[in-house]
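Heads up, the next two complexes both have subunit A, just with different partners, subunit B and then subunit C.
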Partner chain A sequence: MVKLNKLPKIYLAIVFLILYAPIFYLIYYSFNSGGGMSNFESFTLEHYAAVFEDKRLIIILINTVVVALLSALISTAIGVLGALAIMFTRNKSMRKAVLSLNNILIVSPDVIIGASFLILFTMIGIKLGFISVLISHIAFSIPIVVIMVLPKLQEMSPSLIDAAVDLGASKRDVLTRVIIPFIKPGIFAGFFLALTYSLDDFAVTFFVTGNGFSTLSVEIYSMARAGITLTINALSGLIFIITVALVIGYYAISRKTKSVLVGVRK
Partner chain B sequence: MKEIVRGAIIILFISGILLSINMKLNEGGGSGNKNTITVYNWGEYIDPDLLMQFEEETGFKVIYETFDSNEGMMGKIEQGGTSYDISMPSEYMIEMMKEKDLLIPLDYSKIPNVKHIDPYFLNLPFDSGNEYSLPYFWGTVGIAFNPTLLEGQTFESWDNLWDPSLKQQVILVDSARETIGMGLNSLHYSLNSTNLDELREATDKLNKLKPNVKAIIGDEVTQLMVNGEASIALTWSGQAADMMYENEDIDYIVPEEGSNLWFDNMVIPRTASNIEGAHAFINFMLDPEVAAQNADYVGYSTPNLSALDFMDAEVIEDERFYPDEETRNHLEVYRNLGLEMLGHYNELFLEFKMNRK
Partner chain C sequence: MNNKLLRPIYSVPYASWLILFVIAPILLILYYSFFDITGNFTLDNYLNFFTSTYFTLTISSFWYAFLITFFSLLFSYPTAYFLTKTKHKQLWLLLIIIPSWINLLLKTYAFIGLFGLYGPINAFFEVIGIGQKQLLFTDFSFVFVSVYIFIPFMILPIFNALDKLNPTLIDAARDLGASHWTTFTKVIWPLTINGVKSGIQVVFIPALSLFMITRLIAGNKVITLGTAIEQQFLVTQNWGMGSTIAVFLILFMFIIMLLTNASERGTTINGKIK
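Take a look at the complex of A and B:
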C-alpha cells in the first residue's frame, strides 16, 4: 500500500518540475553578468537595474498591470450579474442559448476577436489606446467569469433562498447576504482568472494597442526578433514574484471567506 | 459582500495611483499633437538614446511603438485608428503598401542628409527613384556555421550544403522565399523567378537535400546555434550577427552564386498626422554620426556611406556584413511577385516540407 501512495506523489513532483523548470531557468540567468543564456559568468543585479532605468518599459509594465486590474474588476462585476441572469432565467431554451453564446466566446480564437475589435473601434471612431485595450480585455474576460461563477450558483440549494424569503428578507438582502457570500469563492476565482488572462494576452491586444499605449506581451513579442535580452529575464522574474504574491493573497482571502461562510448570520 | 466592495475599492485606488504615476512618466504625451511623432518600428531596432537626442535637437516628442511582423504592421496601418508617422517595413512590403496606397511620397527638400546614403542602395526596383522610402538597415541571406563542429567543411558555394557528409546537420528557415530561393540560387536562377520550370527544378534539387536537413524552424535557430546544438543554418545576416555575438566560434558566409539582399526602410504611412516631424526624423536618422551610433547598437549593416567613417574599422572591414563589390553584384532584392506566384512558392515549399518525412 505504501508504494501505491508514493507513486502519485512522484508523478506530481515530476509534473511540477516540468512546469516550473523553464521559469526558474529564466530567473537563474537574469542574474548572469554574461550577455546571454549560454553560460553563467557571475552574479549581478544589473539587469534588474536596467528594468528600472528603462522608463518606457516601466510605463508599459504599469499599463499592463492597470489594464489587468481594471478589466478583471469590471468584467467580474458584469460576469457575476450575467451568471445570475443565466441562473434565474426561467425559460430553459433561452438559458441554454445564452450559455452557449458565452461558451462560444471562450473557444473562439483570439486573433479573430482582436481583428474584429480593431475593425469595430476604427469604424465607430474610438481611438486605439488605453480605452480600446481595456474594453477588449473586459470583453474577453466576461465569459470566463461567468463560467467560474455559474457552478457555484448551481451548487447553491434553492431552499437557502426560500428560507431567507420566509424569514422576511427583501430581494436585496437575498442577493447581498445569501447569494453573494455563497458564491464568493467563484467570484474571486473569476477575478483572478480574468487578471491572468489579461496579463498574458497577446493576440487580441496586438490589434487594439496604438497611440503610444502598449502592453508587455506585445512589447516582448516584438523584441523577440532581435533576440530576447536578459532585461526581459529580469522582468519575467519580477512578474513571477508578483504573481506568486497574488496567488498567496488569493488563498489568504479565500480562507477568510470560508470562515465567514460558517457564520452567515453576521 | 463588504469584503468584495472593499476589495473593489482597493483595486480602483491602486489603479488610480498607477495611472497617475504613468501620466507623470508620460508627461506631454498624447498623439495628434503637432509636437509629437509616432514611430512604429521593429522591436529592439533603434538605440533609445538616439530618440532622446532627437527630442532634444528638434523639440518633437517621440511616441515609440513596436511590431513583430511586416504583415501585422501593415494590418494596423491599413485599418487606421492610430497615427503612425514613421514605419520601417521590409522591401517587399513597401511594394504591397504602395499598391494599397498606404504611403506618402517623401519631400527631399526636407531630407538633405539623403546624400550620405550609398548610391548602391538607392533607386532599387521595389521603389524606383525612392519616391516613398529610404533604407534604414540592410543585410543578406547566407549560411551560418560552426567550424568547431564540422570537419573542415567550408561553404563557398550553396552546393556545399548538399555534401553527403553533412547528414542531419543543416537547419533551414521556415520561409518559402528564402528556402526555395536557396534552391534557385544554387542553380544560378533569379530569386524572383516566375518560371514554373525553374521553380520545379529548384524544388527537385531541394528534395535531394532531404537527408541533410535537421530541421525547418524560425527564430529558435539562434539559440540552437549558440548552444552548439546545431552546426549549420540558412539564415539572415542580422540573425547570424546575433549568433556570433554570443558564440565566437560561429562564422557566416554568403555563397558565391549570390543570394538575397534585404532591406528595412523608413516610410511615412498615410495615417501620419505630423508629416513635418516625420521628415525631421528621417533626416535625423540619416545623419552620419547618428546612423553610426545606431548601427553600433543594433548590430545590422547601415546603408549610410558617411557613417562608416565613425565606425569601428573592424566592423566595416568585416566582409561578412559589409560585402565587397564582387559579392554585392551577385545579390538580388526580392520583388513582390503577386499573390498567385507567391502561392506557387508556398505550395512548392509545403511539398518539400511534407516530402521530408
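Take a look at the complex of A and C:
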C-alpha cells in the first residue's frame, strides 16, 4: 500500500489541530484570573472553586447525571426487550416496518422530537420538569439500544438456543444463561451510548423542561447567551476529563467482554 | 425455536414505546398543524407557509444545510482517506471521535471566545495585517462552527467504507494504466458512495434543524427551519404554525432518507448524530 508522504500528514495534523483547538482553548482560559477568554493574566483555580461552591450548579450537575443514569438503565432494559421482539418476529415485512419506525427517532431532528414530546406531555397532562425530561431521554435512547443489540442477536446461532432447550433449559434459563451473556457487549455499548446521548442532549431537553428543572446543557446555553463566564470554562475542563475517562473506560470494558466472549467460544 | 409464547410479554414495553413516542408524536404534530393560535381549525398555516417569509426561510435553510454538508464532505473525505493509510488507524479514528463526545454546547461556546473581537483569530488577523474583523454573528461563523461540529460524523461512515475497500482493486486499476484521478472517480468513489450517503444523511438533516448554533454564533442573522420551529413553540407559543413547519421538516427528512438510503443494514448508526 502507498505510504503516507508529507502532505497528507500535514493535512491530518491540521484537522486534528482544528478539532482539538476549541476544547483546549476553553480549558486553557479556565485557569485565567482575568475575566474573559482573551488576555491570559495569571494562573488561578478560582473558577474551579466557583463551580464547586455554586450550589445551584451542583444540583444541576446531579440532575444531569441522575437523568442520564436512570434513562440509560431503563432504555437499555426496554431496548433489549425490543431487540428480542424484533429478532423473534418471523414476518419479514413486519420486522422491516418495526425497524424503520425504530430508526425514525434516530434520524429525526431534535427540534421535532422536542416539539412533538412537548405536545404529547401537555396533552396527557404530564408536568414539565424532571419526569418529562426523564421520559424523553428514555424515549430517544431506546432506538439506539435496539440498534446496538440487534446485530449481536443476529450473530447468535439459533442452534445455541435449540441446544440449550434440548438440554432441558427453561425459557428463563435460555434468556438469562444463553442469550443475555451472548449479547452482553451490545448491551454495554447500548447503555453507554444512551448515557452519552442523555448527557449531551440539549434541544429535546430545552423543549420539555419546565422552569424549575434544568440540565447542564440547558444551563450552559442560558449562561452562554448571557456572555462569557469562566465558570463555564472550568466546567468544560471537568467535563472533558470525565468524557475522556468514560471513553477509555468504555474501550477497556468492550475489550474485556470481547476477550471473555472469545474465551467462552473456545 | 420455542420462543413463540414468550413473544407477547417481551414486546409490550417496546411496542407501547413505538406507539406512544414514535407514532403518536408524528400524528400530534400533523394534527396541531391544522389549528391556529386561538385553537380554531384552519388551513391558513399551510397557506402561510407557502406565501410568507417561511418559504424564503426554507430555501435559505436548505442553502445553509447544503453549504454545511458540502464543506463537511470536502474536508472529511481526504481526512478519512488519509486515516485509513496511517499505521494505527483505529487509534487515530478514536482521536477524531473524542471531540464529538464533548458536549455540543461547550464546543459552540468555545467559538464565542475564539471568534470574538479580541479572540485569537482576530489577533492573528491583526498580526498578518488584515485587521480586526467581525467574525461572530455572521453566516460565515455559522457555517464554520456547524462544519466543525459535524465533521466527525461525516468522517466515520466514509472511513468505514474506505476501510472495507479492497486495496487490490486500486492496484489493479493502477496496473491497467488508470491515472490517480481515474482510479478515484471510477473505482474508489463508486465503491465508497454508500459511506458518503450515510455521511450526508447524518449531516444534512440536523443541519436543517440547528437552532442553538444559530442563536449563539449567528446572532439572529441566520434562521433555519429548526430556529423557526423553536421560535413558534417556545417564544410565540403558536404551536399550529410551529407544527406546520415541523410537518415540512419531517417531509424533507423522509425525502433525504429515501435519497441517501443506500444499504438496508443500519450502517448510518456509527456515531452520535445529535
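Methods note: the second predicted complex is superposed on the first by the 229 of 266 C-alpha atoms of A that agree within 3 Å, B and C clash if a C-alpha of one lies under 4 Å from a C-alpha of the other, contacts with A are read in each partner's own complex, and residues count from 1 in each chain.
We take it that contacts are C-beta pairs under 8 Å (C-beta built on N, C-alpha and C of every residue); 3 or more make two chains touch, one makes a residue touch a chain.
In this text the structure is predicted, and so the values were computed from the model without any measurement.
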- prompt: Between subunit B and subunit C, positioned on subunit A by superposition, is the outcome a clash or a fit?
  reply: clash
Task: Check the residue A:P8 against both partner chains and state whether it touches subunit B (first), subunit C (second), both, or neither.
output: second
- line: Comparing subunit B and subunit C in the superposed model, the one touching more of subunit A is C
Task: Scan A:E53 for contacts with subunit B and subunit C and give back first, second, both or neither.
output: neither
- request: Quick one: classify A:N63 as touching subunit B (first), subunit C (second), both or neither.
  value: first
- prompt: Should A:E41 be classified as contacting the first partner (subunit B), the second (subunit C), both, or neither?
  reply: neither
- prompt: Is A:S214 contacted by the first partner subunit B, the second partner subunit C, both or neither?
  reply: first
Task: May I ask you to decide whether A:I119 touches subunit B, subunit C, both, or neither, giving the answer as first, second, both or neither?
output: both
Statement: Both partners, subunit B and subunit C, contact subunit A at residues 36-38, 77, 115, 118-119, 206-207, 221, 224-225
Message: Show me the residue ranges of subunit A that touch subunit B in the complex, using the header's touch definition.
response: 35-38, 54-56, 58-59, 62-63, 65-66, 69-70, 72-73, 77, 115, 118-119, 121-122, 126-129, 132, 176-177, 180-181, 184, 187, 206-207, 209-212, 214, 218-219, 221-227, 229, 253, 256-257, 260
Statement: The residues of subunit B that touch subunit A in their complex are 1, 3-4, 7-8, 11-12, 14-15, 18-19, 21-22, 25-26, 29-31, 38, 42-45, 48, 63-68, 72, 75-76, 79-83, 219, 222-223, 226-227, 238, 242, 245-247, 298
Query: Of all residues in subunit C, which touch subunit A in the complex?
result: 1-7, 10-11, 13-15, 17-18, 20-26, 28-29, 32, 75, 78-79, 82-83, 85-86, 92, 94-96, 98-99, 101-114, 116, 118-120, 123, 148, 151-152, 167, 201, 205-206, 208-209, 211-212, 215-216, 225-226, 229-230, 233-234, 239, 242-243, 246, 249-250, 253, 257, 266, 268-269, 272-274
Statement: In their shared complex, subunit C is touched by residues of subunit A numbered 1-4, 8-9, 11-12, 15-16, 18-23, 25-26, 29, 36-39, 77-79, 81-82, 84-85, 88-89, 98-99, 101-120, 123, 139-140, 142, 144, 146-147, 150, 158, 161-162, 165, 171, 174-175, 193, 196-197, 199-203, 206-207, 216-217, 220-221, 224-225, 228, 232, 235-236, 239-240, 243-244, 246-247, 251
